[in-house]
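Taking it in order: structure first as structure tokens, then the write-up.
The chains carry the letters A, B, C and D, assigned in the order they are written, with residues numbered from 1 in each.
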Amino acid sequence: MHDPESRCFHDPSAEAGDVTAPVLLDVRDLVVTYVSDAGAVRAVDGVSFAVHAGETVALVGESGCGKTSVAFALMRVMAPGARIGAGSRITFDGADLLALDERAMCDLRGRKISMIFQEPASALNPVMKVGAQVAEVALLHGERSKRAAWDRAVAMLDRTGIADAARRAHQYPHELSGGMRQRVLIAMALMMRPALVIADEPTSALDVTVQAQILDLLRDLQRETGMAVLFITHDFGVVAELCSRAMVMRAGRIVEDAPVDRIFHAPADPYTAELLRAVPRLTADR
Amino acid sequence: MKFAAAVLVLFVVVAVAAPAIAPHDPRATPQSETQKNLPPSGAHPFGTDQYSRDVLSRVIYGARVSLGVAVVAVMLALTLGAAIGAVAGYAGGWTDIICMRVVDAMLSVPRVLLLLVLVASTGPLTVGGIIVLLGCTGWPGTSRLVRGEVRLLKERDYVLASRATGTPEWRVFVLHVLPGLVPQLLVTGTLALATVIPLEAGLSFLGLGVQPPTASWGNIISDAAGRPGDTWWVVLFPGLAIVCTVLAVNTIGERLRERIDPRGRSRA
Amino acid sequence: MRFHSVRRGACVMLGAAALLAGCGGGDGSGGGTVIIGTGQDPKTLFPPASDNIQARVVTELIFERLADRGGSLNTLGDAGFVPRLAQRWDWSADSLRVTFHIDPRARWQDGRAVSAEDVRFGFAVFTDTIVGARTGADLRAVVDSISVGDSLTCTVWFRQRSPERFDVLVTSLTPLPAHLLRAVRRDSLALSGFARNPVGNGPFKLVNWEQQVRLELAPSPSYAGARPALDRVIWTFAPDASTLVKQFMAGESDFLENLSVDDAAAAARQPNLRVIRLGSFGYNFLQFNLRDGASDRPHPLFGSRTLRRALTMALDRQLLVRSVFDSLGRVGLGPFVRAQWSADTTIAQIAFDRQQAARLLDSLGWHTGADGIRTRDGQPLAFTLIVPTSSNPRQSFAVLIQEQLRIAGVKVDIERLDGNTLVDRIQKHAFEAAMGGLAATPAPSGVKQTWTGAAARDGGLNYGRYENAAFDAQVDSAISAAAQASAKSHYRAAYQIIVDDAPAIWLYEPPTLDGASARLQLGTLRPDAWWMGIPSWSIAPGKRLPRDAAPAKTP
Amino acid sequence: MRRFLLARGAQALAVIALVATLAFTLVHLAPGDPFAASLDDPTNTAALHAQQMHRWGYDQPLPVQYLKWLGNLARGEFGWSHSRNRRVADVLLETVPRTFLLMGAALVAGVLAGLALGTWQAARRGTPAERASGTLATAVLSVPEFLVALAALALPAARWHLFPVSGIADPAMHDSMSAIGRAWDVTRHLVLPAGTLALLTAAGVSRYHRSAMLAMLPEEFVRTARAKGAGEYTAVVRHALRNALGPLITIVGLLLPTLFGGAVFVETIFSWPGVGRMMVEAVGGNDYPLVLAGVLVGSVLVVLGSALADVLSALADPRLRIEA
């Protein structure tokens, strides 16, 4: 199922159309503050960007720059103690996310926006069968029949490339390999065919060979469903391979937002250039 | 924490200064029968008991006995536990195995049952006897802790170094290993205090603890518990004293533990 | 007689008529259920082995004896004794033999007739040392043997003409079913199934006994006398005294014996309860050890008669009794209780007189020191008083005495001991002074075993080792006197001697207070063996509860 | 898993054997003897006493008594209870199930309540109500069992007559009730004593469980659950709670000794005819075989309970279960 051809998915002509697509997600002046006994820390300090429907955008930066905080803020699943600043606005599909009540937000999560996490080992519930964890998404979003939800989960697992998905669905996370767990997480995220998937370093915990497989899978699925992907990573190699546009983040701010080509060839911000120099010249090999 | 410490300090001050504070002699019995079982009033804020004794004064004097017994018993338990744990940890081999099996055995018997058996075999106890009994049943936890630490610490460089210079083992333990254990022991001891105080009270309640007329919080209650609930004040006030002390001690112990061990590593 | 916490000894029926006639059983809806709260299980229901009070209560309702004491509490000869298992008895001319005629209708609960052989068998079991019956020694001392005439007559051969021999015989011996027990080894009788499921011949039979929980009796259908009015008598067991009281106050039990004074006051305030005060057979005292510990030397303090009298004078016994028992207790008069026929309230007492006490102590060389405690040659006037923790009144008295003697310049240290340790210490004479108590029986001769010189030696019960030949002589004369009047005068003389010598401070006769639900119709309760009246108890019409209609579990 | 079970079982047996030996030594080295209680009675002469001591073998050397006792134990014979005049085994057959009932009810009620409270506290962390409930739980844990029991006896039972004061069943009417009636009867009698123990258990469990839950909430998979669209309730209950349960079972095992100790007081105060009350009475009556049996039962219960807890918590975790 891994078509070697598909590695060359980067098609600049397709991107041009994306820019004209409607804005799916619009973030304005996002501020995230962590309050602790030691005082308040601004992890995200006035970030603004937009994601268009069907677009694959990268949010790049070093660890600790606040990119994961942005992701959590978009989903409103922040750690206790984190606060979104009063002047921040997040508009998704025309709706003001920050104004939604918790119930409406729950309805949105997993169905319209979903998330793929960094650590497949810890992001899965260790005492629940993986099939049940995937099926839960369907059950949370309208599916009444447990049986049907389970079948949908198995189908989805199968779609993410898990061989013998019907049997695997009955297993627990610790019985699966790292790559397979990440496929489970992807299955969960894509179960409801969301308009936007936030992928938070989905490959950084995996072996290099598995990384490539997972990236392929994501690319396939993206093409198939037409979803928008906000790809959070510190790896410019991944950015080059998957994304049409990249936003570079530093110390809670976006310092550059540009198409990938321009980022690579003519970085406007000195920090971007510095980051690029630190990256192994993977792209150059191609 | 501060409030808890204040409460505890208050009780300790009350215990130490009992003769100066107590409004009446806790053992004195007025010559008239009209003084008995009086509800709380201005003259007797905590009322009087069936022997016409002032309950407030008895609670104040009881603080001496209850806190004294608990503190000394806990110190005894810590000392025993540290000694046995150290011996087991250093000696290793059969000594260690036997010591630790005994610890397992003692921990597997509910402490109340252990005390019941001991009291069954010794008969009613003096205050000293109760301290010894509570101390002798309280050491296993500490010894396990100390043994574990000793086994970790005895391979440390500075310990090895001082042993290489010919310092005797026990000196190495006292000079180098024990100081490292003090914070842990402090926490263990504080929390042990919170179990020993109710235990002494419970034994006294069963009539097996501190014998009257010496007042302890436990036997003030048992004096009245044998009688109908009409004299609630004789039960309530010493009961409150127990609860407040234990609560304060527990709070302080928990905070101490958090301080030396922020992640709650050594729960058991 | 025994050192005891307040318990009543063997006793009397105030009118067996009530037992036999006050019967009839209630209305059409049955006789009802009575629940009695009590602290302890009987250990065994085998009469020779029954050594706790609850065992006695139950076995005496299940088993009948030949005869029982009558209302006069007389213990001399057979005057006033009422027939029970025996219809009548005849004395031989020399009064060394008595022949009992057993009621021909009497049946064991398995249907077998009670026979004379059962009396002889009972005697053999009670007197067999391997069985270890508590009353065996008394029986052996008085009775030589029992012979069987025919199936319904047996003859008891006494060893001598002691005036209380009939009393000892009938109160110490319970006939046992020979046909069931003959085959059982004597040393395992007390452990046999019979001890848990006895087959008796009395008005009640055992229905069910769950240890620690309850014991239930029901009228025995094979009983020849009147059927008890109640359908069920149930004891529930609770180890904690306050629980028993709460149970009673809440109406969960109908009867509770031995209420404390405060509990009795609380019960009296409740309209559905009442408190019954019974005559007492216990008397309590502060006992001095006249010797120095277990040695033969006189005790440095209590060897002195004057000092003992001075201490007695220093105590306001009226106030003590009022403080502990309110108006319910009575001041002790001597080594006897008011309910005994030998009692004499005119014995001259050592009256409370603080000045006189002080003068006596001064005359002995004990002078008040700086701290208020008298000293002589640098020695303080101090002693240790041991008190059983099992007895609340005795502890109260000890505390009050400590205070009153402190005023007199005497320092008393109170040492509280549990019952067993206390008895152990006293038996080894390892004490200076003790808060003692004795449960008397209606027989005043018990004083010989507790206060005479003979009892001071060889493990006798005179633990303080008071010895006065004149007292001993008067007691012996009283015991061997056949006529009550002459016995009485000798007892009086003996009591006066011992009261004057003050080997103990006679403190109080504890009140016996029982609580009963107002729905119970109890008739007159026996002064001590209150349970002997249970066959005539009934439930007042209109005060029946659901439990009165509940049927017993069919075994 | 099998090796784990075997090792755990062997360890439990060794501990129990040691407890038996320690208890035997303690009890028999003591001054006094089983028949001393009857010294209270002057008719119990020295000769009678000696005869009793001989008859029950208390005059033999201690090692001989010990070996005999062990031999009997091996055959399931605990000896003869002097204070009850019955085989100890028969006494245990009656009392142990009652204590199991009491402790079982207390454990189930207490653990469920503690779980509910701890979960609620974790979900509502930081709110004033949650803080108050936490303080309350700590306060409850500072109250000795006998005080709680006395209060329960004094107010709901004795003053308000909501529940029976004592015992295990209605002494007069229980036997004539229907099966449902009997169950209800026992339940009524069980409420206060089991409730007393359950209250303390719940306080302890809620404290452990709250912190276990709080430790669980920052876990990634809880965030995953939220990201799936699970509400706070589902995230906490379905995901965090299930993961916190395994360690909790071990904690419950560790609570057993405390619970048993509490049962001693509760059974005495409420006249619940179980092992705890049996022990107190046996100690009072110097009934050595019964005392020893009581200690053994207590430790077997604790040892087996904690072994069972270990096994259960292993079973509750699929990561460990795989080896079974």
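Just so it is clear, a contact is a pair of C-beta atoms (placed from the backbone, for glycine too) under 8 Å apart; a residue touches a chain by one contact, two chains touch by 3 or more.
Since we're looking at a predicted model, the values are computed, not measured.
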Message: For chain C and chain D, which third chains touch each of them?
response: B
Message: With a step meaning a move to a chain it touches, how many steps does the shortest path from chain A to chain B take?
response: 2
Query: If you average the C-alpha positions per chain, which one ends up nearest the average over all of them?
result: D
Message: Tell me which has more C-beta contacts between its two chains, B-D or A-D.
response: B-D
Task: Considering only mean CA positions as chain centres, point out the chain farthest from chain C.
output: A
Query: Distance from the CA centroid of chain A to that of chain C, rounded to the nearest Å?
result: 90
- line: Distance in whole angstrom between the CA centres of chain B and chain D is 23
Query: So how far apart, in whole Å, are chain A and chain D when each is placed at the average of its C-alpha atoms?
result: 52
Message: So the centre of each chain is just the mean of its C-alpha atoms; given that, what is the distance between chain B and chain C in Å?
response: 43
Task: Return the residues of chain A touching two or more other chains; collapse runs of consecutive numbers into ranges.
output: none
Statement: Residue numbers in chain B touching two or more further chains are 123, 225, 228-229
- line: For chain D, residue numbers touching 2 or more other chains are 32, 153-154, 158, 268, 280, 286
Task: Any two chains that touch count here, so list every such pair.
output: A-D, B-C, B-D, C-D
Interface residues, chain C side, partner chain D - complex: 1-4, 33, 35, 41, 43-44, 49, 51, 129-130, 132, 134-135, 137-138, 187, 190-191, 195-196, 210-214, 216, 232, 234, 236-240, 242-243, 246-247, 249-250, 252, 419-420, 423-424, 427, 449, 459, 461, 546-547, 550-553
Complex interface listing, chain D residues touching chain C: 32, 36-48, 51-52, 55, 80, 83-86, 91, 94-95, 153-154, 157-158, 161, 164-173, 175-176, 268-271, 273, 277-278, 280-281, 286
Statement: Listed in rising order, chain D residues that touch chain A in their complex are 125-126, 217-221, 223-232, 234, 238-239, 242-243, 246, 316-319, 322
Field: List of chain A residues in touch with chain D within their complex
entry: 72, 75, 77, 79-80, 102-103, 106-111, 114-115, 117, 119, 122-128, 136-137, 140-141, 172, 174-175, 185, 188
Field: Sites on chain D touched by chain B in the complex
entry: 11, 14-16, 18-19, 22-23, 26-27, 29-32, 138-139, 141-147, 150, 153-155, 158-159, 211, 254, 256-258, 260-261, 264-265, 268, 279-280, 282-283, 286, 291, 294-295, 298-299, 302-303, 306
